[in-house]
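Have a look at the structure that comes next, please.
Residue numbering begins at 1 within each chain, and the chains themselves are lettered A, B, C and D in the order written.
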């Protein structure tokens, strides 16, 4: 069975690099085009990235000799799908151009996330939202994934939301520097320091989970309805966002019920045995000081959401800690899982 | 006017070192005795500390030639007051022995903190609690200061509590490694990492502010009555605990009312112009990404509590960020300020 | 073909943990015994290590249920070989006891390293030194590997030493914290800091390469004869020792000759295709700012020595930078490669 | 006595910020003009720097209300001297324009450093080089200071060079991130990492000490004549360059002679009691693990050069470790000391 030809848009950026790494020898997809800015166009990916590749394994061999083009559908003919790690300043327009040209877009950018006809897809959480793709009038469809900080949090909320209902959620994040891309955070700002502010992050954290946990009505996604309060912080950690969560439920679950909900949680990625599907989707660690980025980051190849420290909250009901790999589960890996879901469910034609 | 002779108990530890630094050339106090374990006793402080002094300024000259003794009142005769940075494993017993011997104890240890006859004193917050000293039956009195994490938080809550009443508080801390003393946190646990657990810390954070904000009834301190929920985390920062705070009030203040309450806050340390009193007690920074440990740690010589990011909380009422210097404002500096208050109010005889 | 039964001595320490990880599903060896101190003896490895396992992948399943014993040959019967990551304070005696009992010792400890009848074995460099094992009078033989800092350096020197002769070598190391084991370096000493001293390290760095590069005469190893000067430093890096090297040669090679010597270097591990043999043994990176721990540490699963920045030295002849993974190539991985060499050359009976 | 009016060129950059901090309440100089790029011109320094000031004490009050101009002599009339922290891309031209306009330049930039008529001045080392100012044909004179990395090294070499003669020097640096300015080093490149390359740094380190240690002949500076080999590395330290040094001498000094040469070293800044002159100029620490950035950085307000670990070198003669504060002693503080020297020696008219 031949693989689907795909392009990577924003191929030189942090998310683009992860796409290229994760797509190495992928069973469903074959990368045929790499797209970046005018500065890089016309050169091979290997030449351009010589001193810009920031992942601790080499550039995959397949990518080195691909000649970069600009992200323009007319220059990536043959590709049926494009993974987009484009900067938000151009993602909106370029992604729409691809969709118009009949090429599906799997985007990690924020531009189309809040469109009620665009799934904000976390494959285990809301595969049913793919239903709204019919509402998109373009031949190519746009699917987005959520912000890296709340991806893991939403996964932990999903089984609790379904069983117990949620009244409110407080989040406190400690986010890795890789979340800001490259060059991103200057070392003088973060070495031995904490920065209690990340531009636009709290706004996303307070709304995106509500869309992921929403339902489809008349071809549009309607948000879940409960308040979220987020405190977002940058810490000197390379990869891995750690989030402290306190939740108030509609029906009060016991500790065992919460743990059981997480333990038994799985979704279409697991039932379809998608290549990037983690197993388990959620891992609860019993140690009193876990999860930690250094020890738990690579659980399930960076796709498992790791949880720990479930304990009663004196104000809301339960509190716990979530860790997820921000550039894998929170970005490129999540997008790839979304694409695998589309492939397996025959959305790619 | 002659200075009061004082001893430092636990002089070789992290808090002891800070005491020794802050007491250099102090106008009220003269360090005459340094006390540590049997291993160090009989040697000069300078010899013992050659490779153990961890503050980035040299050991004060006065301390270098003092011969260390064990922490025993019979060996520190002449001292009218003792600063205790003793380990909790022995602090309870030793401090009681000093009190029995008629020597006042200014303690940073946790052992006596919850005794209703012992002030958990933060000089700006609850100087009135000194009233309970009369209830202590020993000739020497014991005064404690609160845990380093919640010291700054309590200072920010005090003027809000007095004016608006508090219904609930959520805290999320990112605590510096120096809070664990030396050798303390192994570098393999924290370099480039976050540890979402500090033993016993959340328990202290959820109760100590209530005692500080309490009132005196019949010679005992009665706690304030509202729930606190704390998530405590260790981060790779050297000095400076950053705490994200969300508060629900009884009477809803406006943003201006909160800012005004902080701006106008001062206490006896300021009115008595104590040597270690910061001015202002609370500094609110307008920048959107402050406070930060690296930039704001030394505000007011590490004694000012720095606040920022006041904004509405979608679940409680207001949220903000607090930074305080954990080994100065949160430990030795706070204790010294307490001692200065006692001195100036003639509690030291 | 049945696997050789092996014990791991010092199984709870940093090197022991690496042994256990690397021996998971090993084709030649089967771990049957795990040995540690009295405190741990009698408990399962999984229970003891719950909060002490510091490698970012879980404890291998095979190890979790092994009941720990003390490192005593009478308690590890059945094992034909023991990997020793024992602390130097007891390694000398315990390892001798094992050798006397007829159990071969593959040791990462320093105690027997300087014995002229004990190979200081780096499998690519001096496999021929195994010849001296006949001089050992015990039935069990002792093989050691060199210090983590100079392991990679010696590998880079070997092909140059053979072809061009060496007159002198200057080394400047920047060593990772994991080299000091756990709890090892206190975070207060190294976070955002550099410590220009590591006890005993320069002494080892100035002599061990000479033994590795030596020759066998009359059943004993005679050291190579040239001076080495070492400056050893601790830096806030988790894994990976980076060493700057300047070398003066007897016969002056061109740049191409040096690069060619490295490129063509391989030894018995490669020709015998040992499971842990890296390929290539040495990788030269052309980028001007490499090698770096973060990007190059895992080259060849942490077994390849990565080199860069070859350039003329105004005082000696050539200078360059070496990176090797200190707990894999510099410790447990090197020891395992040594054991694989013994196995394949039928030294294990 | 009225103070000399001065301008700071490049006032918004890292070095410029240090100038502004160090010039607060200076007895000789009064800052009247702050110069930066077109983007900042016309706004007050306080407004422009609100989120760009990176020193951990507030912007001095005097600077906040100064309206920034571009660095043009016609816009800074009244200033008799200008401190330049300009970027090398424009420093050459702008500094020459100032000199032509009769305004003296104290520059931290590299552009004019190698001109034989321009002193590369380290006030304790080569005050006698001021003699060449007469050879400069402009009315305003240009004085530069050396690169931050070798400033401290050169100070330690000076007394040894004078007494014993030097045959060769090997340097190995571990340099702080602040040396690259702001935003400078991306955190993804340096957090938990080491980068064994800094563009152009080794070239400067191998030549600038030779100019500083040179002599004046016919109005020009003639370089000292011995080879230097430098390995320059970036490490995750905020402030403070640590350099390992090995030296070969013409006449072999004893350990005591080296220590004595350092202990007795002082220069014109000390004899003239200049405000920024450190006392001592060089401090030798006896502890086996010093100097360290965290503990020794602020010795002498960051102006003292701290040395330790003097020991025999098996190849050259002696080896040791030097620490200096790269943005104070290695940049703005050194430049200020140079200006104070000019002032006191009546070079400023």
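We adopt the following convention: contacts are C-beta pairs under 8 Å (C-beta built on N, C-alpha and C of every residue); 3 or more make two chains touch, one makes a residue touch a chain.
Bear in mind that the values here come from a model prediction, so they are computed numbers and not experimental data.
K.L.:
Among the chains, which one keeps its Cα centre farthest from the Cα centre of chain A?
P.N.:
The most distant chain relative to chain A turns out to be D.
K.L.:
Any idea whether A-D or A-B has more C-beta pairs in contact?
P.N.:
More contacting C-beta pairs are found at A-B.
K.L.:
Round to the nearest whole Å and give the separation of the Cα centres of chain A and chain D.
P.N.:
Going by mean C-alpha positions, chain A sits 47 Å from chain D.
K.L.:
Taking the mean of the C-alpha atoms as each chain's centre, how many Å separate chain A from chain B?
P.N.:
That pair's centroid distance is 42 Å.
K.L.:
Out of chain C, which residues touch more than one other chain, so two or more?
P.N.:
54, 191-192, 236, 238, 288-289, 294
K.L.:
Quick one: which bits of chain A touch chain D in the complex? Just the residue numbers, please.
P.N.:
Where chain A meets chain D, its residues are 54, 177-178, 182-192, 236, 238.
K.L.:
Spell out the part of chain B that touches chain D in their complex, as residue ranges.
P.N.:
Chain B residues touching chain D: 50-51, 54, 56-57, 191-192, 238, 287-289, 294-298.
K.L.:
In the complex, go through chain C and note every residue touching chain D.
P.N.:
168, 170, 172, 174, 192-197, 206, 227-229, 231, 233, 235-238, 242, 244, 246, 288-294, 308-309, 313-316, 319, 321
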